[in-house]
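Report on the structure given below.
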Amino acid sequence: MSAIDPIILFFLLGLFAGLMRSALRLPAAVYEFVSMLLLLAIGLKGGIELAKQPFAMLLPQMLAVVAMGFTLPLLAFPVLRYVGRFTRADAASIAAHYGSVSVGTYAVATAYFATREITFEEHMPLLLVLLEIPAILVGIVLARGLTRETHWASIAHEVFLGKGIVLLLGGLLIGWVAGPNGVSSITPLFFDLFKGVLAIFLLEMGLIAAAQVSALRRYGLFLLAFGIVMPLCSAVIGIGLGWALGLSVGGAAMLATLAGSASYIAVPAAMRISVPEANPTLSLTASLGVTFPFNVLVGIPIYYVLAEKAYVLLGG
Amino acid sequence: MSAIDPIILFFLLGLFAGLMRSALRLPAAVYEFVSMLLLLAIGLKGGIELAKQPFAMLLPQMLAVVAMGFTLPLLAFPVLRYVGRFTRADAASIAAHYGSVSVGTYAVATAYFATREITFEEHMPLLLVLLEIPAILVGIVLARGLTRETHWASIAHEVFLGKGIVLLLGGLLIGWVAGPNGVSSITPLFFDLFKGVLAIFLLEMGLIAAAQVSALRRYGLFLLAFGIVMPLCSAVIGIGLGWALGLSVGGAAMLATLAGSASYIAVPAAMRISVPEANPTLSLTASLGVTFPFNVLVGIPIYYVLAEKAYVLLGG
Amino acid sequence: MSAIDPIILFFLLGLFAGLMRSALRLPAAVYEFVSMLLLLAIGLKGGIELAKQPFAMLLPQMLAVVAMGFTLPLLAFPVLRYVGRFTRADAASIAAHYGSVSVGTYAVATAYFATREITFEEHMPLLLVLLEIPAILVGIVLARGLTRETHWASIAHEVFLGKGIVLLLGGLLIGWVAGPNGVSSITPLFFDLFKGVLAIFLLEMGLIAAAQVSALRRYGLFLLAFGIVMPLCSAVIGIGLGWALGLSVGGAAMLATLAGSASYIAVPAAMRISVPEANPTLSLTASLGVTFPFNVLVGIPIYYVLAEKAYVLLGG
Amino acid sequence: MTETNNHLRKLLTIITEAAIESVLVRDIEQLGAHGYTVTDARGKGSRGVRNAGWETSGNIHIEVVCDKGTAEAITKHLQARYYANYAMIMFMTDVEVLRPEKF
Amino acid sequence: MTETNNHLRKLLTIITEAAIESVLVRDIEQLGAHGYTVTDARGKGSRGVRNAGWETSGNIHIEVVCDKGTAEAITKHLQARYYANYAMIMFMTDVEVLRPEKF
Amino acid sequence: MTETNNHLRKLLTIITEAAIESVLVRDIEQLGAHGYTVTDARGKGSRGVRNAGWETSGNIHIEVVCDKGTAEAITKHLQARYYANYAMIMFMTDVEVLRPEKF
């Protein structure tokens, strides 16, 4: 069993510093810089793989993943609304966060799989992008209903042209067009530095997660439970889907990670504009304060073990 | 023929995001960081080369290039003043922008040449620095005339101690003093990451170029035409000079690129202080909104083809 | 004799640009980013070494270094108070700065030793951390006396959870836990880029040092003299201690560098809160305006020569 | 104040979430302001700490110099449109401007 | 001003060293303010240039909207506690607020 | 206002292009101000959007607390020297200061 990954230790360092009220802060510009590098790097990696295989073959997978993106928030909503007793807007907003994905969690998973030499379908970033969007639309409909007033045009603009999607999709296209040889010249910045940059990112994420704790205390146990149970359920669905799509064990575990992760960039921004009556603190507390740490520290390994067991049972 | 360079795709991504009014922004600090790295890297590269050859041999080239720096704005001014019907101050300011150079364009050219294994005189950054300054002085004189009031001392300070010149010249001197072996220890940051950093820079430049378009629409066709035709003329002059100086084809094409590029850092800053009555929007729209994209996307290849043809004709 | 190290040239470039009132500025975010990378890298390097050897063996060294950290400010204080005629608070604050250490100076020393292939005990960063803190406590007691009012709890929080300590100690622990193989994946960012990042850091330090000169002129000769003589004395003590502890010549010279360096991050922050009546300009002028440049430009080589001579005399 | 009334205008200050900067300035212009100035800020209020540590937790500080009528139109609109759901405060003071025709 | 007095509050502006932000806002809240807004700044005064170039040389610009009593309590406290040793200025102006119950 | 007149000063606010910060603050000091505070800003006015996206497109927000005479000297000078060619607005308000001797 290989030793604990240093990038996880960076997350713990940030978490510790935050909880101890250390003076440590990362300038917003540094955070934006490293997250930009991660988004572009992940997009590029996926794009390079797309360049290697016929696009058509991926269509079924893509459709299935989009379908999952529509389903997950629909499963989360009733739980939040009737068990959690949240307002309709809050339930819808939180559901949207959990139906979508966290790029940071995906990055940690890739690092985890790499150290253990677990292979997975390299075009995963494409599925990542696809999974980011449907939940947002579902969330808005859940909050607003299908009224005429909803300005879908401006919502689509808001969603598809948000920072995260543009960088991820842009990187994907660049990698696709330029191909493996083309991008070799930018490899040192985007790929060689990847894990170091991820370490800095996780240091900041630790600080941010720590900042959510006080709010968590206020909103109590349900949010904590939901932030752990929901990802596990989504992960199981992800594994099932991965198996049905004939993905490798690693691929299924990765799809489980995506399903089990909760958004904290694209969705909060979209919800703040489109569902303003939802309290952003609730969803960010769950997503950043509970689910992200859970996935990074224990979730990813669990999902992989679950995928292995499932494949033994179902016969992969 | 090699595929399209990914760094160009980054520029297009920025351009697209900007035109689509995407939420994507780069923090000013990130822009300043990457442009600083580029300036230092280019300076260092040039300095290392200077360390390899007797300085005296370069004097004729240096003088010739400075002369070109004085000539180009004098050619541009009457066109702007009498064809473009710009005020004296505006014509002088725009002329200064086009007489000077764009470091970003030079960086893209070095990448373009590198992928195509086109060699050029490696001390080009020295000529780049020299070409940056004369046009500024010409521009001020064109706007003010040779009056006693002009505070040349403070202008010289403004020009020679501007961010761009200090970093470029500083890098040049450091590279020169330290020599190839000396700088080896800082190679990973300044040279290995060069193209990746350039990609980030071009992403931002795309966003900025897109922001100029609305202004361009306002100032109409002449600026657009000037922003394309002027560089082509300057490039031809650059090729001729390169040939006369006995540069290689690549060197001549590079000199053409410098001549054909328009400043957007040193000159705007100097003009804002020394020729305040000139409208900065005009010159930046032409330089960032027209000429930079033109050079990066099609200009550089054109200049190289022109140089080849010229050398066949003239016999290089 | 190898040529002058380029990183020193970056410092001189910054110094020159600052003294010439150049427009060159580094955004605060860039400075914070590079200093963060340096602190983490130094910590990681030290931690990796700790992973290689039994901790217990280091205890004597650690205790001895802490003792030195308590002693140095006690030596500096009377000189500042009675020769320099500073107020009690000012004398105490300056003494604390010189009893503590400068991470930047240590980084330059590692680079200097590396180019000359001088070996030293690799766990030095551990001693660096230990040396940072005692002087702060001494400084506070010197200024306040041992009164009941001093809120030691909040002071300890202030000191141990300051940015510098957290990153340095955090890196140390991460390196220790992850070990050499563990951190290999983040080597490109933290170790390969180290000297390049250090170059950027020194460029900024040059700018900052230059900004102190005017204040230096105001506070006159004594501060200048103290800023040079005090480090030399501390260095001699450091060498003696290194010899007594059985360190290698390189190790002794490094300990001398630590002893001879003056803090400009941890101590100023702590003093501003705990000894507000001390004038921060005085201590920063001495530390950044005199001692840092002195150590970086001539101090480090001197300390190494002194260490060599001492080891010949004493028989190392 | 001693100056002639035609040099007096209102300075309206709005402190709210960075997330709505673009929509807000659009509204402000449509309601007749001839300009605005924005600075980034952090702070605390009834909706808790907004320390700009995380993307969505930044504040902006908007200043608008305009005549009384415009100021009241803006406050009325923002109050109706944003108060319920966004961290926001507004306050107004009298200012003496040069070039009153500008505002 | 024309408005009814119960819409009038004080806007207290404090410009001081960034180093004491955390302690300062704690004091401000304890003295009864319901909120505050902070922006980063640089400047010059009797203690010389504070150009934010170096960690310890940054300024902060704090705005507090509160009633007269609170404003005076804050100024009195800060004057006693910080004026002697820190770069700091304060000034106060009348502002007209919406939702006066907030402040 | 209720306070004794010798505690009243003017707060002069200038919003203009970042490019001229250094020359501007020199002028301001030469005209007798004892200090100033600068914050970075963006905005829009008669000269269009200045969104700080590009080096030359940033604004600065300068505050100067001084007596009426100095304030008017500064406004007169800046108006003559910069209004024609630079994006710039100025406005003034009465403020109540502590330590009036400072300003």
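Per-chain numbering from 1; labels A, B, C, D, E and F assigned in written order.
Everything that follows uses one rule, which is that contacts are C-beta pairs under 8 Å (C-beta built on N, C-alpha and C of every residue); 3 or more make two chains touch, one makes a residue touch a chain.
Computed from a predicted structure; not experimentally measured.
Student: Trace the shortest sequence of touching chains from subunit B to subunit D and report its length in steps.
Tutor: The fewest touching-chain steps linking subunit B to subunit D number 2.
Student: Figure out the least number of contact steps between subunit B and subunit F, where 1 means they touch directly.
Tutor: Graph distance in the chain contact network comes out at 1.
Student: If you average the CA coordinates per chain, which chain's centre is most distant from that of subunit B?
Tutor: Farthest by centroid: E.
Student: Based on mean C-alpha positions, I'd like to know which chain lies farthest from subunit F.
Tutor: Farthest from subunit F by mean C-alpha position: A.
Student: What whole-Å value do you get for the distance between subunit C and subunit D if each is reduced to the mean of its CA atoms?
Tutor: Here the centre of subunit D sits 47 Å away from the centre of subunit C.
Student: Measuring centre to centre with CA averages, how many angstrom lie between subunit A and subunit E?
Tutor: 41
Student: Please compute the C-alpha centroid of subunit C, do the same for subunit E, then give the distance between them in whole Å.
Tutor: It comes to 36 Å between the two C-alpha centres.
Student: Could you state the distance in Å from the CA-based centre of subunit D to that of subunit F?
Tutor: 19
Student: Where in subunit C do residues touch at least two different other chains?
Tutor: Only 25, 27-29, 33, 188, 193, 269 qualify.
Student: Could you pull out the residues of subunit D that touch at least 2 other chains?
Tutor: 39, 93-94, in rising order.
Student: For this entry, which pairs of chains touch?
Tutor: A-B, A-C, A-D, B-C, B-F, C-E, D-E, D-F, E-F
Student: What residues on subunit D touch subunit E, complex-wise?
Tutor: 13, 15, 39-46, 59, 61, 75, 79, 83, 89-94
Student: In the complex formed with subunit C, which residues of subunit A make contact?
Tutor: Residues 3-7, 9-10, 13, 16-17, 20-30, 33, 111, 115, 188, 192-193, 195-197, 199-200 of subunit A touch subunit C in their complex.
Student: In their shared complex, at which residues does subunit F touch subunit E?
Tutor: 1, 9, 11, 25, 29, 34-39, 63, 65, 93-99, 102
Student: Help me check something: in the complex, which residues belonging to subunit B touch subunit C?
Tutor: 27-29, 32-33, 36, 157-158, 161-163, 166-167, 170, 173-174, 177-179, 181-183, 185-190, 193, 269
Student: Tell me, which parts of subunit F touch subunit B in their complex?
Tutor: 17, 19-20, 23, 48, 51-56, 58, 82, 84-86
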